[in-house]
Amino acid sequence: MSTNNTASNWKSKLHEIIYEADTPSGKLFDVVLFFFILASIVLVMLESVNTIDAKYHTILYYGEWIVTILFSLEYIARIITVRKPWKYIFSFYGIIDLLSTIPMYLSFVLAGSHALVALRALRLLRIFRILKLARYLGASNQLANAIKASRAKIAVFLFAVVIASVIFGTIMYLVEGEEHGFSNIPKSVYWCIVTLTTVGFGDIAPETPLGQLIATIIMILGYGIIAVPTGIVSAEYTKAADDDNKNKISDEERKHLENINLNTQSCENCLTETHQDGAEFCFKCGFELHHD
Amino acid sequence: MSTNNTASNWKSKLHEIIYEADTPSGKLFDVVLFFFILASIVLVMLESVNTIDAKYHTILYYGEWIVTILFSLEYIARIITVRKPWKYIFSFYGIIDLLSTIPMYLSFVLAGSHALVALRALRLLRIFRILKLARYLGASNQLANAIKASRAKIAVFLFAVVIASVIFGTIMYLVEGEEHGFSNIPKSVYWCIVTLTTVGFGDIAPETPLGQLIATIIMILGYGIIAVPTGIVSAEYTKAADDDNKNKISDEERKHLENINLNTQSCENCLTETHQDGAEFCFKCGFELHHD
Amino acid sequence: MSTNNTASNWKSKLHEIIYEADTPSGKLFDVVLFFFILASIVLVMLESVNTIDAKYHTILYYGEWIVTILFSLEYIARIITVRKPWKYIFSFYGIIDLLSTIPMYLSFVLAGSHALVALRALRLLRIFRILKLARYLGASNQLANAIKASRAKIAVFLFAVVIASVIFGTIMYLVEGEEHGFSNIPKSVYWCIVTLTTVGFGDIAPETPLGQLIATIIMILGYGIIAVPTGIVSAEYTKAADDDNKNKISDEERKHLENINLNTQSCENCLTETHQDGAEFCFKCGFELHHD
Amino acid sequence: MSTNNTASNWKSKLHEIIYEADTPSGKLFDVVLFFFILASIVLVMLESVNTIDAKYHTILYYGEWIVTILFSLEYIARIITVRKPWKYIFSFYGIIDLLSTIPMYLSFVLAGSHALVALRALRLLRIFRILKLARYLGASNQLANAIKASRAKIAVFLFAVVIASVIFGTIMYLVEGEEHGFSNIPKSVYWCIVTLTTVGFGDIAPETPLGQLIATIIMILGYGIIAVPTGIVSAEYTKAADDDNKNKISDEERKHLENINLNTQSCENCLTETHQDGAEFCFKCGFELHHD
């Protein structure tokens, strides 16, 4: 198991920079990456604006290539420094990292007159790189738990909303008819969800008195039932906080725990993060952790 | 009471398949039924889209007939296997099951040139079959209780919203008048509910400064009072969870209860569901339960 | 003080019918009144619809007169049977009761060619009669207390919303300008409130990229701060329920209290309601209560 | 340190009037200032309405000058009476106080034919004077704490909303395209936020069936996730109230504390407010407080 300990120094150094955020160089890498992700999103956005694209097409084009090459290099570096590359490649972030680079390269292979539009679409997939930002959220665990606890109930609730929309949508189709924009049931259901969720675009609006009466019922229903998911999350969150209170540790235990520090070092073998400061082996897979 | 025990075997077998969800065949039946309900809704929806109906009219027509016949067979099977057919026929689901089949048959009897449009409407009633989906929600009892507890208060709240809408609607009718779309009081009240519930279609919008000032008050009111039903449901839900906590059983009791299993077997006599696994008689009406 | 005890029997009988809801005749009176109020509102609404008014003008006109005369008789009866008429006349309901009858009479005195439109407006004031419905809400006290407790905080919150709207409204006026519908600051502020409260009519919408960016900020702000009043009411409501729990009386006390029955009898002198069943004198003013 | 004690009497008197709200004259100053701020905002608003400006231009112009001069005098008085003027000048309110006066003076210096429009914009900055109103809110501390406690979580939540908007906005751009108003990605993202926050202007609305389906998902998502910030604030608020309860002081302590009165006197040296009634020196910087 200690064979890897003799691995080339630059590899383990690079791994530290890319995968950890505790060392100064690792921190710098994350911040720089963060700004490159933001820049790549802004580039894609600006390119889609016709007036800007017409003016600065060359700059945007080269900017896109710089970002693509940098992301490619980062992708390769991630594969090299990780001990189980396939695990990374097929992980959620691995796939996103790949998808954020390939569209640009594909634009060469599939270069045709009409295919270019479709390629532009593929290129836009790079926007998914933004999901990388999720890594930097971190402290939102508490929030995530509250949502997870009430997920099932909110699903049932949203399902009820959809059923109500289908029923009311059908009724509105019969009442208003095609001449008032409710041209078919799917469109009526769409309108019903627009109304029930209190969005109210106004692209379609009931015009007959009966249609407006039913719309009134839908709106008051939508205004009233918004209380349900809110009440659920609120109650679950309060409950979670209470449980947290009950599970509070004694002062002595806290003192002991405060002496333990966790860092963001990640295992080269299984990618597990947050090891204790003095840890010699990964607590998940037992692989030996390297130190400087 | 045990006379029914000697009833034809296929009848009790069919009853088990249709009304219970514990046996493999019963489970399969429910899943198949669920997909047929979904398919029938999609059929009705597609039929209402002119471009799709023009292209695939024959397929949709036959699809509709297949669904109608299958639903009819299911309806007849339900009546035959239940001991008290009239109880089922006049139950909520019994009426919905019937309404989801008859429109298609009525289209023969009432076939006329102009009546067809109305018949199409009748056919659409089949959409109510979707309510059958409610059966599959099951676990939403906790949610239902929270809503039930705050029902009265939310009703009072919604009533206050309607009163406020009538008063503000009348004022807006006087202020804006017919030339700005507020052509009569019912329409003004309709607009007021659209605004108060924060839907805001924009089909009618105040144009005079005074009208816009009053609209501002209505919107802020609507934005503020949404807090009321939400607060109620949230508090009731928290309270229900607390009560749940207080009523928690001891570990010994729990152990005892864990040995009792409830199944979805439903009584042939009174349709009551969820009997204990070893139960010989219905706990509601005392009718002998059959076993395989 | 007991001189009134010898008052004409019909007067005290009438008082009982009008002001109390415990006796069968009193209950009947309230229900009949409730339906007449509803009918009067429907009449005013239908009259405002041109097509209906053109067809059924005479019926609506006579219906209006019947309601007006009945309301007038009720108003007179209320004054006669109360011991301190002026207190009733200048009470909230006294003024509303008067305002719901006079517009119809005024239409005679002020009959002119152009003044008629204004009179129609006065007539519409009768809609305020609807406020009488509030009397029948009754059991919403708990709700009212929760709102009362969080009133001050919600006021501060709504004030902050208005300030934010003024600032953002001014910025939007500068950014979008008159050519995009933001023709002056009050209108911009109106648009800002429409957006912040998530109503979104769409009669005015930002068209410049910068305007749309600021609109985005306003919308996310509005979407986020709706949480504040909701959180307040929810917390206050939970707290009120907890306090209620702590103040719960012992079983013995409850038994004692259960033997005391309150009725809706109202004092002829000070109009205070809900006296105990065996009460001889008003608990507020000491005035002797009459019994049948 | 006591040299300042011999400072000119009028200076310390003026300081008391401007910076404190306990003395009758100080209270009067604050109320008068409050109404002048309101008046200045109304003036700027009316001026932006073309029809009103055309009619009453001279009155509005002089009114503006009166307000500007009064605000300037107040600004100078604040600088003179404070011991560390630079600290005030670069404080939040110091900058706002300055910005609410300079635009009017700048309109002389930069008077040109085209620059006037821009100047008008500068003048409108005076609206920021409204922020002074925040001083009068005071008692909203409890609310502020609840918001502060859930600030981080709401920020994470709003960040997630923005990320979702960017992803869905890009998808909608690809699905709907330029011909349906989704002319570029930033505009699509804007539309997505309009929809997700349930505002729904309707200036842009999906027209393809697929676009409407995705819009449906966005709306239901927006309708469901509004529950998250609400639940957080609600839970934090409840928790804060509970903590408040636990930290309640004993009756003896309360008696002691009740004998201590805090006033709004503010230190001339460091501007700290709320000293105890008998205090001789500032509790923050030790500077001697003057008394009448």
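First chain written, first letter: the chains are A, B, C and D, and each begins at residue 1.
One rule holds in what follows: a contact is a pair of C-beta atoms (placed from the backbone, for glycine too) under 8 Å apart; a residue touches a chain by one contact, two chains touch by 3 or more.
Note that the coordinates shown come from a computational prediction; the quantities given were computed from them, not determined experimentally.
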*Chain located farthest away, centre of chain B as origin (C-alpha)*: D
*Taking shared residue numbers divided by all residue numbers at the interface, is the value for chain A and chain B over half (same) or under half (different)?*
different
*Between chain B and chain D, what is the separation of their C-alpha centroids in Å?*
48
*Centroid distance [mean C-alpha coordinates] between chain D and chain C, Å*: 34
*Indicate the residues of chain D shared as contacts by at least two other chains.*
157, 186, 198-202, 222, 226, 230-232, 234-235, 238
*Residues of chain A defined as touching chain D within the complex*: 41, 44-45, 48-50, 121, 124, 127-128, 130-131, 133-134, 137, 139-140, 142-143, 146-147, 154, 157-158, 161-162, 186-187, 190, 193-194, 196-203, 222, 226, 229-230, 232-238, 241
*Considering the complex alone, what residue numbers of chain B touch chain D?*
198-202, 230-231, 234
*Note which residues of chain C are touching chain D in the complex, please.*
152-153, 156-157, 159-160, 163, 166-167, 170, 173-174, 183-186, 189, 195, 198-202, 205, 209, 212-213, 215-216, 219-220, 222-224, 226-228, 230-232, 234-235, 238-239
